[in-house]
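Both complexes shown next keep chain A, but they swap its partner, so chain B is in the first and chain C is in the second.
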Partner chain A sequence: MFEKEPLKAPNMFGTKNKRTLIDGVNKAGIEEMLRTTPARIAVGRTGTRPKTKAILQFQLDHAAAIDAVSGEVDVSYLEEFDLFSVDTCFETKEEYLKRPDKGRKLTDEAVKTIKARCEYRPQVQIVVSDGLSASAIDTNLENVLPALYDSLKVNNLSAGTPFFVKGGRVACMDHIGEVLQPEVLVLLIGERPGLVSANSMSAYICYRPRFGVQESNRNVISNIHPGGTPAVEAGAHIGTLLKKMIKQKTSGVALAF
Partner chain B sequence: MEITPVTSVGIDIGTSTTKMIVSHLLINSTSNPFSIPTFEISDRIILFQSDIISTPLLSKDEIDVERIAAWLKKQYVLAGIRVPDIKSGAVIITGETANKRNAEKMIHFLAERAGDFVVAIAGANLEAVLAGKGSGAFQYSIDNVLTVVNIDIGGGTANAVYMRQGEVVASVTFLVGGRLIEMNEEGKILHVSDAITPWLEKNNYRLQKGEKVSFVLLQTIIQHLCENMVTILMRGSFKKDDPLIHSYTTTTLPSVDAIFISGGIGALRFYPEPQSISDIAVYQDVGPLITCELQKTINNYQIKQVPAEQTSRATVIGAGMQSTEISGSTIYADRGRLPIRNIPVLTCEIAEDTLQKEKTLHNTIYSVLLKGKEMYPDFLKAPFAIHILGNVKTSYLLIKQLAITLNQVYQALFPKSDLMIIVCEQDMAKALGQAIKVLAGGRFDLICIDQVQVKHGDFLDIGEMIHQSTVPVVVKTLAFS
Partner chain C sequence: MIKKIRLLNDTYLFKDLKEIMAKANEEKSGDQLAGIAACDAKERLAAKHVLADLTLADIRNHPLIPPENDEVSRLIEEQVDERVYEFISNWTVAELREFLLSEMARPPDIERLRLGLTSEMVAAVTKIMTNMDLIQAASKISVETTCNHTIGQKGCLAGRAQPNHPSDHIMGIRASLYEALAYGVGDAVIGINPVIDTAESVKSILTMTKEVIDSWAIPTQNCVLAHVTTQMRAIKDGAPADLIFQSLGGTELANQSFGIDIKLLDEADELIHTEGTAQGPNRWYFETGQGSELSSDAHHLVDQVTLESRCYGLAKRYKPFIVNTVVGFIGPEYLYDSKQVIRAGLEDHFMGKLQGLPMGVDVCYTNHMKADQNDMENLAILLGSAGVNFLIGVPMADDCMLNYQSTSFHDIASVRDILGLRPTPAFEAWLEKNGLMENGKLTKYAGDPSFFHQKTTLQA
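Here is the complex of A and B:
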């Protein structure tokens, strides 16, 4: 059966889960379950197949995920936050997807730029990267970053010169760490998009990131998006985490809470 | 991560009986390692249950405080706990006992002696909610995604609470209870409570102290009483001046999927049907008859009845184990300001569009805080908690705007205050707290917590930080108005 209602942009967790309910025994119960999950439940069926609307919604969400990967962050948006932009060795988006190692290394040009423009050996180095979702940055940066700056002030921490890395992978932290020698580094990076959230961001945080750092030495706050961890609270929490790392001189699984 | 057990007590002083429990609340991280740690009360374990004793009275309208205090002391010894170990809990005074002459004095006296963080509570609504949580009705409504009603009937009142999928939607208290009419084995009336007299008169029933009552008359009265109450509960509406109604939160009640009966009346569920006055009078009151007639009435309505997990002890278990909740885990609190008790709540309602208009936001906050200043002129330090209510999109822009306004207005109205307390509905306390702190510097200390359900006029107790990220909170509705 074809339904004429216009399709909407991808649904965020809990906001506008308006799906046609099948005649259930406990309609209120199903509605409550829909409120607690963004998963595709109670979508109904026609014969053995999903309804047209459910299939179209699925395709739309899939397309949004692809857009998030292939999209780019607007330079003027970055300028609002005083972020200049440098590249990793990713070359193109296609190459970036095939060769994760290239996204972990800055270009020689980028190394030169950050050496020239950034404070050397800062206490806290903040880096922003599009990673696998440019829309994650568009959606969350304006809420994460100022809350993070407040948390640095309240915790008496000082930050170096923040910048943006285009085509970054998580471990580009290590290369940046080698070049700038920060005590701690915060990388705000777009997450691999899913069918529920195409604009989810993670904050990876590491004490003295250098080449050879194990993944278990990093802390992460994931799922920062309007339906997940609120961006303002994630930003506000990072300062507390940084303070702990600096005090305990470690990060990752070794960090005690 | 270490699990911290919080020792909690519950003490229920009811119309006919008094009891206490000691329990452990386990506060544990429930989040995965890839997110901000969040904490929950992961388990509640009963360590000790006292016997159920008759509430000691000095006279019909005075509670014997000394005997209760001595009894309580003995229970602590039996439970193997010391007063300083107790970190949470509640003393609740229920039913008709709350009307006793020395009720207010006594409950505060007991709360102080029961432990550092034990709160005094009273009020039919809260009592209903705690009983609904203690009886298992609350959890049942969550697990089965249903709307249920729990009726807790003791000696003096019947507290009904409606819970929809773990949310309290309504409560209503009836003047129905076992001790409202007392008589001996021969049917001689020993006492008729003033509470039930208007209803008896309205329905032309004459019960005189000292006179004898027949089994048939008593049965007719109780049947009528139960019929009246169940009809209201099932029909979903009632008149405000109905003599059977003690208090209520709303006059329109939702329809329900299941019913629970707790309290002393619930405990008598398997008592054989009384055939004579002496059968009824085992406790010298009409309790057994209410149980029996209530059951018949409910059966007539053909509604699903679920056996309560706890009956006589539902309220005390609710008070001991369910009165404490946990705030969100991203909050802000300056060192050395917690715990803090009895903070009145002032609600500041923020509409989505107020935020774009700086002037409107300023006016909203100013008028609420000014009202607060007038209401609590004696408070100097932390006059009240500012409750930020409003389902708005949490953006940094909003946080900043709120922080600027709150800081400005607070300093203007309370220049001498060295503490500001904020309770937010939404998950934004840490960001808001830090934004205010950046603006205010060291001018005042700040406690800013979130994800706690409060309303205007409530009182708050906030405990010390747990795992440096969350605080236990007890929300009290006004104990005695």
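Here is the complex of A and C:
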């Protein structure tokens, strides 16, 4: 169910580790090794501790990850795509992190809003949520959404009214599914940030999401960010998956490829 | 069993042992998520007071998860040595704490004592111990095990080389492994978490690591941390595995969610002893971590410290070579911040050691937890003082496959240096022979992964 997209060779591991910090006995060997992995190798040491630059780079990447978790999505991106915003049941960021159950349920107010503003029983319902990385939305939304809309058109699929969920967890799909009764639902959500990328987005897709749906009934395209699966490619891939789900009337492990 | 206490003008009456055990825990977000934690510090202390005065017999006679419903409970019950238990059954939990911390408790005494303890008793005493209690008591207990080589000697700190790669790229894994070896890390195990859980992929990683071990005559052992059934298929297909790995849960239901039970573990145990490539008697690598039972809804409303202790009760059946609690991987809904992670790391290490297990700790955190690398450095030093058998080594602590941060190769070298600890003797001799270490200190050649790449390139 967890699809790992193959990494692209040219920008395989970004630029972070391209700079060698040590002079090894075999300089060519070090260059060669650095090309094979995004891991922070050949960073050097002073005594038993890392070199200053290596430590500061690490701390910078961690800072970006922390900001991604604690940050807020830039509303101009939401406005650009006409996404109105609704909330899940969490009160504070701390509660959001401690209580995943709160992020799986929309507030009563949110339910009222989407009932009033969204098309009922759409073929495809698109939902965007910050999840664990607001910067994943800021980074990828403007590329993913147009590509997704294009691929819906190519595949002759119609979408309902898209919206944004603040503080969503993956399973908020089920609650939204109960309320709007879509045939399929696509949730574009920020992933738990890593140090290699704090801006990674996942697309979770489910045929007839309703309360009680098993995790294994969802498909996911993960690792959507500039250094991973390109947003444009992801958008196109989602359309193909949706088509298959609607045809086979299922999703997740049961979906035949 | 006395379940009532009057404290600071309030009376507390607890329903049963399960409630006392849960509320006596130090604050953990996982117990709060389960809805079983103490509501405030006073109630927590009331539960600790009540627990301290319970006898070990009280705990044994009131099973938290009845043996008739759970095979882990049955196993823990069967493992009790009745003669030793008889001798200590009327001790209170407070007396057990004081015995463990006293000068009377020498290593042979603790070795005998543990035969009469259940995992629940071990969890109970942990709840009334402070962090330094946990360090002091654990530091007395060394647990030595042997796969190809022996680890766990007093004064040694081993490291697992964890050269993971986001797409299992064999050369990429090898590059990080070279970096580990260049820092003197890899004496516990060369262990890779694979992305692709297939026998073929597992076999190719085992084969590469075995080649590196053989061509450099490294005194260590290899392992790929796929699902046990995948490893079994790979081993039957001729993959060279010194160790076999599995994650454990503290209840039968939790293990079901991992796709395992005792019967399957028994089969794997037999396979690794007949088909494995290691020489020594200890051939398992287990991982655990507080919160996994709740995350699979298999916790029976029992607190996460007790469930973790039960994992160790299960693990000891297989006389493992290494056991590792992955203490902060699970996320903030179980361990919210660095304070909770540090506490859990010390608890798990102590509980495992008291049950005779060769404990290592993956000192780690995810980016949505309230913790940073400084907190991990603190915990690594605390565990080094507590006598932890091994720590995890990841390039600059950043695992680019699992997307979390652990401890680095530098950190393991630093903890050794600061606390006067050494790699395992065979590994240190190997480092000396290759000119990477001298009198327990890294030499000028250390820290350069191309040291190993060079020879491989020349050979190729």
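Just so we're on the same page, the second predicted complex is superposed on the first by the 230 of 257 C-alpha atoms of A that agree within 3 Å, B and C clash if a C-alpha of one lies under 4 Å from a C-alpha of the other, contacts with A are read in each partner's own complex, and residues count from 1 in each chain.
Keep this in mind: a residue touches a chain if its C-beta (ideal position, glycine included) is under 8 Å from a C-beta of that chain, and two chains touch if they have at least 3 such contacts.
Given the structure is predicted, the values throughout are model-derived calculations rather than measurements.
In this overlay on chain A, chain B fits alongside chain C without clashing.
Of the two partner chains placed around the shared chain by superposition, chain C is the only one that A:Pro100 touches, whereas chain B remains out of contact. By the touch criterion defined above, A:Glu142 reaches chain B but does not reach chain C. In the superposed pair of complexes, A:Ala236 makes contact with chain B only, with no contact to chain C.
Once the two complexes are overlaid on the shared chain, A:Phe257 sits against chain B while remaining clear of chain C.
Comparing chain C and chain B on the residues of chain A they touch gives the larger count to C.
Legend: residue contacts after superposition of the two complexes on their common chain; A:Arg208 is shown touching neither chain B nor chain C.
Contact with both chain B and chain C is seen for A:Met33 once the two complexes are overlaid on the shared chain. In the superposition on chain A, A:Thr48 makes contact with chain C only, while chain B stays out of contact range. Chain B and chain C never share a C-alpha pair closer than 6 Å once the two structures are laid over each other.
Overlap of the chain B and chain C contact sets on chain A: residues 26, 29-30, 32-33.
Of all the residues in chain B, the ones that touch chain A in their complex are 1, 34-37, 144-147, 164-165, 330, 332, 393-397, 399-400, 426-431, 433-435, 437-438, 467-468. Touching chain B in their complex are the following residues of chain A: 26, 28-30, 32-33, 142-143, 146-147, 150-151, 153-154, 220-223, 226, 229-237, 239-240, 257. On the side of chain A, the complex with chain C involves touching residues 4, 6-7, 22, 24-27, 29-30, 32-34, 36-45, 47-50, 54, 58-59, 61-62, 65-66, 68-69, 94, 97-100, 132, 192-196, 198. Of all the residues in chain C, the ones that touch chain A in their complex are 29, 32-33, 163-167, 169, 171-176, 178-179, 183, 195-196, 331-333, 336, 366-368, 372-373, 394-398, 400, 403-405, 408, 410, 413-414, 416-417, 442, 445-451, 453-454, 457.
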